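The following pair of complexes shares a single chain, chain A, combined with chain B in the former and chain C in the latter.
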Partner chain A sequence: MGYAGKVLFIDLTSGTHRTEELNRTWAQLYFGGKGLGVKYFVSMTAPSIDALSPENRVVLMTGPLAGTIAPCSGRLSVTTKSPASGTILECGVGGTVGPEIKFAGYDGIIIEGRANDPVYAVVDDDKVSVHPAGDLWGRGCHDTELMLKDRLGEEFRVISIGQAGENLVPMACLTSELYRQAGRGGVGAVFGSKRLKALCIRGRKPVRVPDMTEFMKVVGELMREDCLTDTNLWARTDGTPLLVEASNSAGILPTKNFQDGVFEGFKTINSESVRSVRQRKNACFACTLACGNYVRSGGAVVEGPEYETLALAGSNCGISDLDAVIRFNAACDDLGLDTISTGNVVAFAMELTERGIHDFGMRFGDIRPYLEVPGLIARREGIGSDLAQGVRYVAEKYGGRNFAMEVKGLEIPGYEPRGAWGMGLAYATSDRGACHMRAWPVADEAYGTLDPFTTEGKAALVIGGQHYNAIKFSLIVCDFWAISMENMARLASAATGRHVTSEELERAGERIYNTTRLFNVRAGFRRAADTLPDRIFKETLKTGRAAGRTYPKEEFERMLSEYYALRGWDEEGVPTPTKLEELEIS
Partner chain B sequence: MLKFYGDKCFGCQACQLACSAEKLGVFSPRLSLLKVSVRFSKTDRSVLGFVCNACGRCADVCPVEAIVMRCGPKIDSDLCTSCGLCAEECPQGIILQDEEGKARICDFCGGSPACAGWCPAEALRWEV
Partner chain C sequence: MEYYQHEMFHRNAPMEHGQSVSEIPSCGVMVVLHGSLERYAPPGQGRRMIVHLPRGRTMADLIDIIGIPRQYVSFGAVNGVRREMNQELKDGDEVALFTPLSGG
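For the complex of A and B:
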C-alpha cells in the first residue's frame, strides 16, 4: 500500500521496455523519491561512468504519498550522474508529472541506453512506446510540451528538454508545465545524450492507501495544525521572492558575482515588485501552499521568478530591472537552462570583463548582452560555447579561479556563505556540489537567531538538515512545508500501513546521505573537493552585516573535520565500514 | 449550491482527490464527479472548473426516472439501466459510469460536499 508496486524500465538503445516488481526491501529502507531513486541508481550504475554516455541512467521516482491528497506531495525525484559535477545528481520537479507516473501504475521509471535518433517516450498506463522526435528536436521546451499535448491529448503530462539539453550543456534542466524544472546539475544534458526529447505520461489508475478514513483524518489534522500555518503560508502570500528582502537585510544576497551581500537595487526585484506583476497563484498537484507566482511583465510571462533567479540572475549580475529578470527567466525555461548556473556564469563573465581578464562584452548591469546569453549558451554559439561549460571551465580557460563561485563544478545558489558560516559547510558537503536543498542552515543563521559568524554547533546543524531533507524528499514532501519529523512519520505510517517512527525516518535520512556519499567517494571525491572558492576565505564583503569579516579557512576546516567525525566518516570524508554496516548499506 | 471561482483556484486538484476518496475510497482525479483543468499556453494560464449546478438535465433525460432532483441529483442505482444518456447529456461532462455502466452523479455529498471542504483556496464553495 502507498506504492504502485512496479518499476518501469525503458531502454532507448533497443527501444524496448519491461517492468519489474518494486523492490520492497529497498522501499522499506529508502521509502521512495530521493532515497529509493538513489538506491536503484547506485545499484545499477558504476560511479566511474561518463555522465553523458549510454551507461548513465535517469531514475524518475515517486514516493508513497504521490497521488494522494497529502499536501505538498506532488513532486517527482530525478536521479542520475551529473555532467556538471561528476557526482550523483538528485533533482526535484513539481507540477503533476510525479503523481501521473503513480496513476499510470508505476512507482518509478528508469531510462537507460541511447537512441540512434531523437525520440520521445509515451507512457499511457500499461502502454509504453517510443517515437521519432525529429520534428521536435531543435525546439524549446514550451513548443515541445504544447505540441505533444496537442498530438497526444490535453491530459498527458510532459517533461522535456530544450535546445540546451540537446546540445549537452551541463547546466541544462528538464522542464514540465512550461515553468517547472528539475533544475540543477545538467539532467537535461543526460536526456540529450540519450536523444530523449521528452517523456509523456498519462495515468488512469487509482492510488490506494491502507485505510482511507484514517488517512483522511491524519491528513486533515496535519493540514490544519502543521501545514496551513503562519510558518508556511509565506509560500502562498509571496512565495520565494520574499527572501530577497530577508537576504539583503542579512547581508547574504549574492551581488555582482559574490563581491557583496547587499544590493542597492534590491527594492525593484523584491517580493513587492513581483506581486505587482502577478496574475495568479499556482500550485503543484495536491499542494495547499501554492507558492507559484504566474507573472506578466511587458511581453513576457513566466511562473516565477523564484528567489534563486532573482538573486543569481538579478543582484548577482547587477540587474535591478525586474522585467529583464523575467525575460531571462522565461528564456531559460524555454531553452531548458538552470537559472542558478546560468546567472552565475553570466556574473562571472561580467567580472572577468570588468577586471580585464577576458572581454565577454558585458559588465554588471548590462541588460542587452545579459538577455542574449541564454540563447547563445543553449546553442553553444559565440561566447556561449565557453559559457555553456560553466564557471569552473571558464575559470580554467581564462583565469579568475579564486572568484569562480562553484563547488565541485556546480555553481553556488543564493546565500552568501560569509554571512552564514554553516551554509558554507552545507555547500561543501552537499551530495551534488553547491546546493541549497540539502541543508539550509541560513534559516537559523541569517534569518534566525543563531550567530552566523561562528562554526560552533554548525556541523551538527548541517547534518540534521541533510538527514531531514533526505527523508523528506524521499517520502516526497515539498521543501516548503516545514513539517516536523514526527508528523512526517504519521504521514508515512498512514500511507504505507506500517508503523513508522520519527527515529526510523531520521535513520533512513542518514542512510540516504551515506549512500550518495559512497557513490561520490567511489567516483573519486575526497576531502579536497569539500571546500569553497577562495573568494569566500580570502576576501571580505563590503557592506551589510558581514562587512569586513573574514571567514577563516582554518575554522572551516575544523568544522569539516567535526562534521566527518560526527558522521562516522574518516578524515578524508569516506564513510567507515562500521558506519555503512550500521546503516545497512552494501 | 456548489460554486467554482476560477480566479481563486490554484489548480491543486485536492477537490477531485477528496471526491474520489469520499465516494470510492481511492485517489483518482479521473474518477471524481467534478473536473478542474489547468490550461496553459505560452501567453496565458487559466483554470476551468466543471461542477454540478443542479441543472436537472440528467433527471429530465433519464428514461426510467432513476434520477430525482432533491437539493442535487439523487440516483437510484437499482432503477438505473446503464443506458448512459445522463452522462451524454450532462452539460458539465461530470457524470461518470461505473464498471457496470451505472451512472455516478454528484449528490453534493448530501449537503456537505467533500470537494469544497478540502479546497484550500476557497475556490470551491458550498453556498446555501
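For the complex of A and C:
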C-alpha cells in the first residue's frame, strides 16, 4: 500500500516499453524516491559508463506518499550518472509530475537507450508511446511544454529539456510546469544524449493507503502540529529569498565569486524586493506551504527567483539589479540551464577577466554580457562554448584553479563554507559534488547556535543531516518541512501499513548514503576528491562575521578522517565490507 | 514612511516606584520581523515597527517584549550583522529577527 506496485521501463533504442512488478524487498529497504531510484539505478548501471552514452539511464521515482494528501509530498526524484561530476546524480523536481506518475499506475519510470532521432514519450495511464519530436527540437522548455499541452491536452504533465540539454551542456536541467527544475549535475544533458525532448504523463488511477481513516488522522495532526507552524511558514510568507538577508547577516552570502560573504547591494535582491514584484504564491501538489513566488518584472515572468539564483546569479556576479536577475532566471529556465552552475561560471569568467587571466568581456556587475551568456552557453556559441563546460573546465583551460569554486566538477551553491565549517564538509562529502541538499549544517552554524568556526562535532552533524535528507527525499517529503524523524515514521507507517520506526528510517538513510558512496567509489572517487577549492583554505573573507578568519586545511582533513571513521569507511573513504554487510548492501 | 510606535514596552517594562513612563531613559530600535514572525506585530502593521526600550536592554529582552516564543527565533542581526542574543541595543539600531530556516 502507498505504492502503485509497478515500474515502467521505456527503451528509446527500440522504441518499446515494458512494466515490472515493484521490487518489494527494495521498497522495504529503500522506501521510494531517492533511495529506491538509486537502488534501481545502481543495480542496472555500471559505474564506469560515460554519462552521455546510451548505457546511462534516467530513473524517475516517486515515494509512497506521492499522490496522497500528505503535505509537501509532491516532489519527484530523478537519478542518473552526472555528466558534470561523473558521480551518481540524484535530484528532485516539484510541481505535479511526481504524483501524476503515481496516478498513471507507476511508482517509477526508467528511461533507457538512445533514440535515433529526437523523440518525446507519452505515458497516458497504461498507454505508452514514443513520437518524433523534430518540430520541438531547438525550442525552449516553455514552447515545448505549451505545444505538447496543446497537442495532448491540458491535463498532461510535461518534463522537458531546452536547447542546453539538446546540446549536451553539463549544467543542463529538466524543466516541468514551466518553472520547476531538476536542476543540478546535467540530467538535462542525459535526456539530450538520449534524444528525448520531453516526457508527458497523464494518470487517472487512484492512490490507495491501507487505512484511510488512520491516514487522514495522522496527516491532519501533523499538518496542524508540525507543518503549519512558525518553524516552516517562512516558506509561505517569503520562500527562499528570505535567505538572502539571513546569509548576508551571517556573512555567508557568496559575493563576487566567493571573494566575500557580504554583498553591499543585498537590499535590492532580498526578500522584501522580491515580494514587491510578486504576483502570487504557487505550490506543488498537496503542499500547504506554497514556497513559490510567481513574479513579473523587467519584462520577464518567472516562478522565482529562488535564493540560489539570487545568490549565485546575483551577489556572486556582483549584480544587485533584481530585474536583471529575474531576466537571467527566466532565460535559464527556458533554455534549460541550472542557475547555480550558470551563475558560478559567469562569476568565474568575471574574475578571470578582472584579473587579466583571460578576457571574457565581462566584469562583476556588468549586466549586458551577463544577460547574453545563458543563450551562448545553451547554444555553445562564442564564449559560451567554453563556459558551457563548467568552472573546472574553464580553470583547466585558462587558469584560476585556486579560485575555481567547484567540488568534483559541480559548482558550489549559496553558502560560503568559511562562515560555516561544517557546510564545507557537507560539500566535500556530498554524493554528487558541491551540493546543499545532502546536509545543511548552516541551519545550526550560520543561522543557529553552534559555533560556525570549529570542526568539533561537525562530522556527526553532517552525517546526521545526510541520513535525514536521504530518507526524507525517499518518502518523499519536501526539504522545507522541518519534520522530525519520528513524525516521518508516522507518515511512512500510515502510507505503507507496516509499523515503521524512526530508527528504521535512520538506518535506511545510512543505507542510501552508503549505496551512493559505493557507486562513486566504483566510479573511481576517493578521499582526494572529497575536498574544497584552495580559495576556501588559503584566502580570508573581507567583511562580515567570518572576516579575517582562515579555514585551516589541516582541521578540515582531521574532520574528514573523523567523518570516515564514524561512517565505518576506511581512510580513503571506501565503505568497509563490514559496514556494507551491516546495511545489507551488495 | 511611518512606523507604528510599539506600545508593549509601556505595558511590560518594570518601572521604579513613582516613576512615569516618560522619565525612563529609553532608546528606539527599528525591528524587522522576517518570515512568519510578522504575525507577532500588531495587526495590519506589516513587518517593520519601532520599539522603545529602556537603555541597556538586549536582543533577547526585545524578543520577550514583543512576545515571540524564543524557539521561533533562530537568530537576530543588528544593523545587518548577525549578533548574539545578549547584544545590547542602542538608539537607532535596526534589528532583524529570523525564524528557523530549513532546506536551501
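Observations
Note that the second predicted complex is superposed on the first by the 586 of 586 C-alpha atoms of A that agree within 3 Å, B and C clash if a C-alpha of one lies under 4 Å from a C-alpha of the other, contacts with A are read in each partner's own complex, and residues count from 1 in each chain.
Heads up, the rule we're going with is that a contact is a pair of C-beta atoms (placed from the backbone, for glycine too) under 8 Å apart; a residue touches a chain by one contact, two chains touch by 3 or more.
The model shown is predicted, which means the values in this text are computed figures rather than measured ones.
By the document's definition of touching, of the two partners only chain B reaches A:69; chain C does not. By the touch criterion stated above, A:285 is placed in contact with chain B alone, chain C being left untouched. Contacts of A:209 after superposition on the shared chain: chain B is touched, whereas chain C is not. Looking at the shared chain after the overlay, A:250 reaches chain C, while chain B stays out of its contact range.
When both complexes are aligned on chain A by C-alpha atoms, no chain A residue touches chain B in the first and chain C in the second.
Those residues of chain C that touch chain A in the complex are listed here as 34-39, 69, 72, 74-75, 77, 80-82, 96, 98-104.
By the touch criterion given at the top, residues 7, 10-14, 17-18, 20-21, 24-31, 37, 39-45, 118, 120-121 of chain B touch chain A in their complex.
Here chain A touches chain C in the complex through residues 230-238, 240, 242-243, 245-246, 248-251, 271, 307-308, 413-415, 436-437, 440, 442-443, 446-448, 478-482, 544-545, going by the rule given at the top. Residues 67-69, 71, 74, 96, 103, 142, 146, 154, 177-178, 204-209, 212, 215-216, 223, 228, 279-288, 290, 292, 294, 301, 303 of chain A are the ones that touch chain B when the two sit in their complex.
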